[in-house]
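Handing you this structure, nothing more for now.
Chain naming follows the written order as A, B, C, D and E, and within any one chain the residues start at number 1.
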Amino acid sequence: MTSNLPALVIIVPLLASLVAAGAGWFNRKAPFYIAVIALLISFISSVLLLAQVVATGVAIEYQMAGWPAPVGIVYVIDHLSAMVLVVITFVAFVNLIGNRQAVETEFKNKEGAFNALYVLFTAGLVGMTATGDAFNLYVLLEIASLSGYALIGLGSSRAPLATLNYLFLGTIGATFYLLGVGYLYIATGSLNMADLATIIPSMMNSSTILFAFIICLTGLLVKMAIFPVHGWLPGAYSESSTVSAGLIAPLTTKVTIYIMVRICLTLFTPEYTFGYIDPTDIMVAIAVASIIFGSLSALAQKDFKRMLSYIIIAEVGYMVGGFFLGNRMGVSGAILHIVNDAAMTLALFMAAGIFIWKTGDEKQSSLKGLYAKMPFTMAGFTLAALSVVGVPPTCGFFSKWYLISGGIAAGQYLFVGALIFSSLINAVLFFRIFEIALFEPFKSHHHAGDEEDKVESHHGETIVDPGVIESAQQYSGSDSHDHGAIVIKEPPLPMLVPFLGVCVLLLILGLYSGSIVNNIIHFAIPAGII
Amino acid sequence: MELFSFIVAKADYWAYVILMMVGLYALIAKNNLVKKIVGMTIFQTAIILFYVSIGYKKGATIPILHHGSDHGGEALAAHGAHAAAHGTQEVAEQAAHAVAHAGEAAVKAMDYINPLPHVLMLTAIVVGVATLGVALALAMKVYKEYGTLEEDEINQQLRNG
Amino acid sequence: MIWPIDLIILGLVIVSAVAAITVKDLLSAAVLLGAYSFLLCLLWAVMGAVDVAFTEATVGAGVSTVFCVAAVFHTTRRTKD
Amino acid sequence: MKILGKITITICGLLLLFFTSDFPDWGDVNSPASTHLSPYFIEHTIEDTAVPNIVTSVLADYRGYDTMFETTVILTAGLACFLLLRIPRKDSIHRYYRHEPTGVTIRVEGDRYPKGSNVFTRIDSSWVPYDLIINFTCRLLIHFIQLFALYVVAHGHHSPGGGFQGGVLLGASVILFAISGNLRAAIKRFGEKTAAILSSTGVFIYAGAGALCLFIGEQFLNYSALGPLLGTDRIMARSHGILIVEIGVAMAVMAVMIWIYYNLSSAGKQDEGL
Amino acid sequence: MSMETILSVKPLFAVLVSLVAIPGIVSSRSQNIREAWTFGAAAIKLLLVLSMLPLVLDGNVLTFTLVQVLPDIGITFKVDAFGLLFAIVASSLWIVTSIYSIGYMRSLNEHSQTRYFSFFAVAISATIGVAFSANLLTLYLFYEMLSLATFPLVTHHQDKEARSSGRKYLFYILGGSIGLVLPAMMITYHFTGTLDFAAQGVMAGHINSGLALLLTVMFLFGFAKVGIMPMHSWLPAAMVAPTPVSALLHAVAVVKVGAFSVVRVFTGIVGTTLLSDFGINGIVCVLASITIVVASLIALSQDELKRRLAFSTIGQLSYIVLGIALLTKSGMTGGMLHIAMHAFGKITLFFCAGAIFCATGIKYISKMKGIGRRMPITMTAFLIGSLSVVGFPPCGGFISKWYLVLGTVESGNIAFLFVLLGSSFLNAAYFFRFSTMLFSAAKRR
């Protein structure tokens, strides 16, 4: 069975989504568990694949339908794709188990379709990551996109419009990519990435190849929402339901960046990308614009999820800029940041999910006094926020380290400056939230118990001092007798534990980033990049 | 005549660019959501035109083989019919050539149009209709929410709260 | 000698595409899109892509048009551009 | 926006036009596209898969993996439309009933039914009388459409067509029935649940056939593994495998087309259609 | 004396021990249990730190690498004499401060005491981490950890003033570390390929004079905790914190971490030869001297006792920087000693200030007339503390100041001697004017 692992990673979610879609018509609880089990199997398979690749050091090739490379479609699991597979399946799995209650309330009577689409989205991303065929990538990209549209579209009342914009730009991006593949096909007659990589060096001067590169890249840049074409992202992510945002926000942009890395390094060889075309200056300039724009726009947002969305735009700039620095440090940083940013974004959106679930409001001001009310959640949130700011030893610091190192080595001091600037802005953003959550007295969101809470947060411990948590829980416990007031306390354990797990993971990723880089990313970058 | 053959050689590619730009224009500049969706469909089908043009080979026939014993007769007939339909000298010659070699079942690649782009484009068509369906569903939801399909009117409503 | 047919249909395709995005009535746009798809289907038949033509005829000209009409029916025919 | 659009498309268009000059001529037999990979398919389809329609063999076998996801794309669209549009509860505002003997139309508020409902028939609010010819013609046509669709599915190995086209035709026949009559009658014959489950089942047949190959011990979707099961040699097994998946595709595509139509034409209420 | 490098896990334990106590502190059901945790951790920490003393006195160096986070940089601990001195000062003062905190917090019935003790423990952990850092990255890590852990302590009162002070605090500290130290560190790493503290620095031979000057200045200002003007104004603002916090953190841990970091970077990264070869130390000396004089003058004019102490601290910190930047043996010794001596002296003064506030609720010097008669023991302690800070002979402060003065003489730059002496007079002025006032007759009621 181990030889079939590359297929299992994607087949299990695919079959499970079909079963879940059908089972939803008979049992409302079954689809969720089917989805969870499938994602777990997929996650385990991808971990095994990663272990196998790291142990042997050789890429695994799997021939779909038994046809060898240029004729049929092959899956290629190398260090890079195995790592991204682990990230995708992990994020999907954790986000789903952490949001069971939210799914049940937000998608009532449509659990089957929702879980099926959720798993299909994951399957699409997994396929995109693993495939070695340029056209197959397009098909899977469309699966991920279409299921993504559906997941996002069923959010707030503004979600359909935002999703429609996303759909238009997403289609433009995907179609551009398809056109690029067509240009490659007309020039070379092949669709297999490895095959193309052997042909392209012999026809470096072909303008068709050049245009294929440009247009593929343009399509992917639209898909990853870099600065001039970012318009769809904030609306789509902030209006969607939290469980969808928790899946899509960490993964879509990151996987698209992975695809960009894959296309530039595996399909167009590094010699072509960095040697012949050398787009470093212009791409880094775009990245810098994206970082600065994303950071400044985030500063202007009142809505928590919207702010996170703009941070994502800045993070996209990190990765694109880092990759196109074209040196080993920068590319390592970009790849490491794919992993780290996925984890950070997941943690932040899970935190957002918990806040919204608990307070029923997306405004930053609704976080008032939450430190006293839900200390564990806020501790996790603080950790995630510090990671985005880039405080060691959280993982965000280390990818930033590589990116800045790469920037200095490449002499792109503007990029270095933008990274530092964005870190400072992020610090301002998150400390603003910390302040609100720490200083402002807790405001009851549902009128009842308002007075009592105010008293408690200021002087509650002057009488007895049983420790913050106990007191907070006691008070909220007594609040719950109030008619219909939503009491803010820690979320239920199935929600809290996965969230805290992700937050701890941020630390672990940070501490072990050295081994990740040495054992995985080092081998994922072709030797041609120094 | 030189110019003419040049036009014929590239006309399909030009046409695809024009169609693509028509679609892209509608996507970017049109105000009505359904119009944008129409533009999106045109945009996607332009790519299909591009791919199918890649696959076309002069003097070749449709990518369905006439083969061996059991279906040989039908396939041959079909093939002949196609050649006749095209009415070109070369195709007829190719057909005759193929008939001559039918017994040996030696298939020559240059006799048949490249099937690979067709396969890819079947997928693209299906993706197109799937996207269309989802886009229309979203447009209907938008209409239900705002009572209009015009983007400027929707933005007006959003601005007014 | 299929190029004359090819060129003529290409011209018609472009005309119908432009018409579909300029006509000031969404139902007409939907129907014109159907016509556009059908012309493309002809074009592909000419180029020997029979399977693609068949698919375009059923999916593009058939079902897509029905979907568009259904959507227009449930929203509005009005358009400003 | 208009000016921006015009500038964009002018720049893009000119760039694209400029780069077409490097293309091989239209119909060039010696272009890379025609010489690199595709000759393999043309020359080996019979010996590999015993399917003369190269498009079918490439679609369902060489690149069968693509096609599986192509079917999944369709399913995704169906699920997406359902998730986005479907309103489970019925909006009980008002309905129209027609008294058949007299032709009088009455409007009923709420969820009630008029007494003696065997003489009353429910009609759509946009109902137009005297559609007898349309009704009759369409119902006559539907059988032929379906027959042709089945032929297309089954004969995809040898002639243009296959699961997709056949599936769409099958779906179109039901859609035609819904358009010519009314949506409720169509739903009564081919319910939403049926459509949903059939669509999943169709893709499941495809992916399941692939997974079966995997469990037998070959690669995913390598139908030749099914040879012993079907009692044929490995090459014919591929041919049969293609037929199996084409049936799955047809099922899924038909069901999804109908499902999307139900949701789109009734804005998710599945009450009154076009 | 044999210089040996010993692999030992003790430094890690010394750092972690107070972190381990946090779950205990958080989950304690009563005040007593919670404080028992604090004391236990503090005692163990001090014992751990002291247990390393004999080895280090023999001239050994203890190292331990926790994890290799970057290809050739790990989170690595190294215990040498200077680091250990600082660690002993910090961990012994933690015990003292804990006792003091308990009295202070209980007597004032402060809220959120659990949070207070937890973050206190984190802050100490970070301080020890800084003391034992073997490379700049590890130091930076614990430096940031300290900045963040002290934020809730500084803003403990959660009122408007605390909030604006907290903002200021973060703005200077985080802005300095992210905006200046991080890039400086990266540039250093890029050119030298290492961040380990080496005896002669790592920059020599890799970096030209202009860049070296730029990096030095970036480090000096970036470690804003050292309070070189103009990066000083967070320190008076942070005095809104409860007094134990001001005492331990703003007299000992935080500012001394800043000074310690600067010393480490100057000696271990930039390297003394480079500093003197390029004449960078002169610029640093001038910056420090300006800070010394200006801070002392401002201190004179402050009426709030804690603010006066704060400006005094700013001045005293620059003594350390000045001592190091003189680049003479005595100057260096003086600077390093001054870290410890000033810590003990200043913490005494802060404790007294807190005691006055607890007992009388008075914050302003002008209202404290005659308070010495009501609290004679406290005020005697205050007098001794201030004598030490001024540098009177029997007190610890004298020793360090003596070495500093020697250093200025050795360096041959008499101007700095005058700066030192002049500021000592100013110190004397602002403390003794106050002290005499304390013991003068109280106003008749």
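Methods note: a contact is a pair of C-beta atoms (placed from the backbone, for glycine too) under 8 Å apart; a residue touches a chain by one contact, two chains touch by 3 or more.
Each chain and its UniProt protein: A = NADH-quinone oxidoreductase subunit N; C = Monovalent cation/H+ antiporter subunit B domain protein; E = MnhA2.
Computed from a prediction, not measured in an experiment: that's the story for all the values here.
Novice: Just to be sure I understand the contacts, which chains border both subunit E and subunit D?
Specialist: Both subunit D and subunit E are touched by A, going by the contact rule given at the top.
Novice: To reach subunit C from subunit A by way of touching chains, what is the minimum number of steps?
Specialist: The fewest steps needed to get from subunit A to subunit C is 2.
Novice: Which chain wins if you rank chains by how close their C-alpha centre is to the centre of all protein C-alpha atoms?
Specialist: Checking distances from each chain centre to the full centroid gives A.
Novice: So using the touch definition from the top, which pair is joined by more C-beta contacts, A-D or A-B?
Specialist: Taking the two pairs in turn, the one with more contacts turns out to be A-D.
Novice: What is the distance, in whole Å, between the centres of subunit B and subunit C, each centre taken as the mean of its C-alpha atoms?
Specialist: Result: the chain centres lie 11 Å from each other.
Novice: Hey, how far is the Cα centre of subunit C from the one of subunit D, in Å?
Specialist: Roughly 18 Å, centre to centre.
Novice: How big is the gap, in whole Å, between where the Cα atoms of subunit A centre and where those of subunit E centre?
Specialist: 41
Novice: What is the distance, in whole Å, between the centres of subunit B and subunit D, each centre taken as the mean of its C-alpha atoms?
Specialist: 18
Novice: I need the residues of subunit B touching at least two other chains; which ones are they?
Specialist: Within subunit B, residues 8, 11-12, 18, 20, 24-25, 31, 53-56, 60, 62-64, 116-118, 120, 122-123, 126-127, 129-131, 133-134, 136-141 contact more than one other chain.
Novice: Would you pick out the residues of subunit D that each touch at least 2 other chains?
Specialist: 16, 23, 31, 33-35, 37-38, 41, 53, 55, 59, 63, 66, 70, 73, 76-77, 80, 84, 160, 164, 260, 264, 267
Novice: Could you list which residues of subunit C touch at least two other chains?
Specialist: Residue numbers touching two or more other chains: 50-51, 55, 59, 63, 67, 70-71, 74.
Novice: Would you please name all pairs of chains that touch?
Specialist: After working through each pair, the chains in contact turn out to be A-B, A-D, A-E, B-C, B-D, C-D.
Novice: Spell out the part of subunit C that touches subunit B in their complex, as residue ranges.
Specialist: 1-3, 6-7, 10, 13-14, 17-18, 20-21, 26, 29-30, 33, 36-37, 40, 43-44, 47-52, 55-56, 59-60, 63-64, 67-68, 70-72, 74-76, 78-81
Novice: Applying the document's contact rule, which stretches of subunit E touch subunit A when the two form their complex?
Specialist: For subunit E paired with subunit A, touching residues are 26-31, 34, 66-71, 74-75, 109, 111-115, 137, 140-141, 144-145, 148, 151-152, 155, 158, 162-163, 166-167, 170, 174-175, 178-179, 182-183, 186-187, 189-190.
Novice: For subunit A, which residues are in contact with subunit E within the complex?
Specialist: Subunit A reaches subunit E through residues 372, 386, 389-393, 398, 401, 404-405, 408-409, 416, 420, 423-424, 427, 431, 434-435, 438-439, 458-462, 465-470, 510-515, 517-518.
Novice: Looking at the complex, which residues from subunit C come into contact with subunit D?
Specialist: These residues of subunit C touch subunit D: 50-51, 53-55, 58-59, 62-63, 66-67, 69-71, 73-74.
Novice: Any idea which subunit A residues touch subunit B in the complex?
Specialist: 135, 139, 142, 146, 149-150, 153, 157-158, 160-161, 163-164, 167-168, 171-172, 175, 178-179, 182, 185-186, 191
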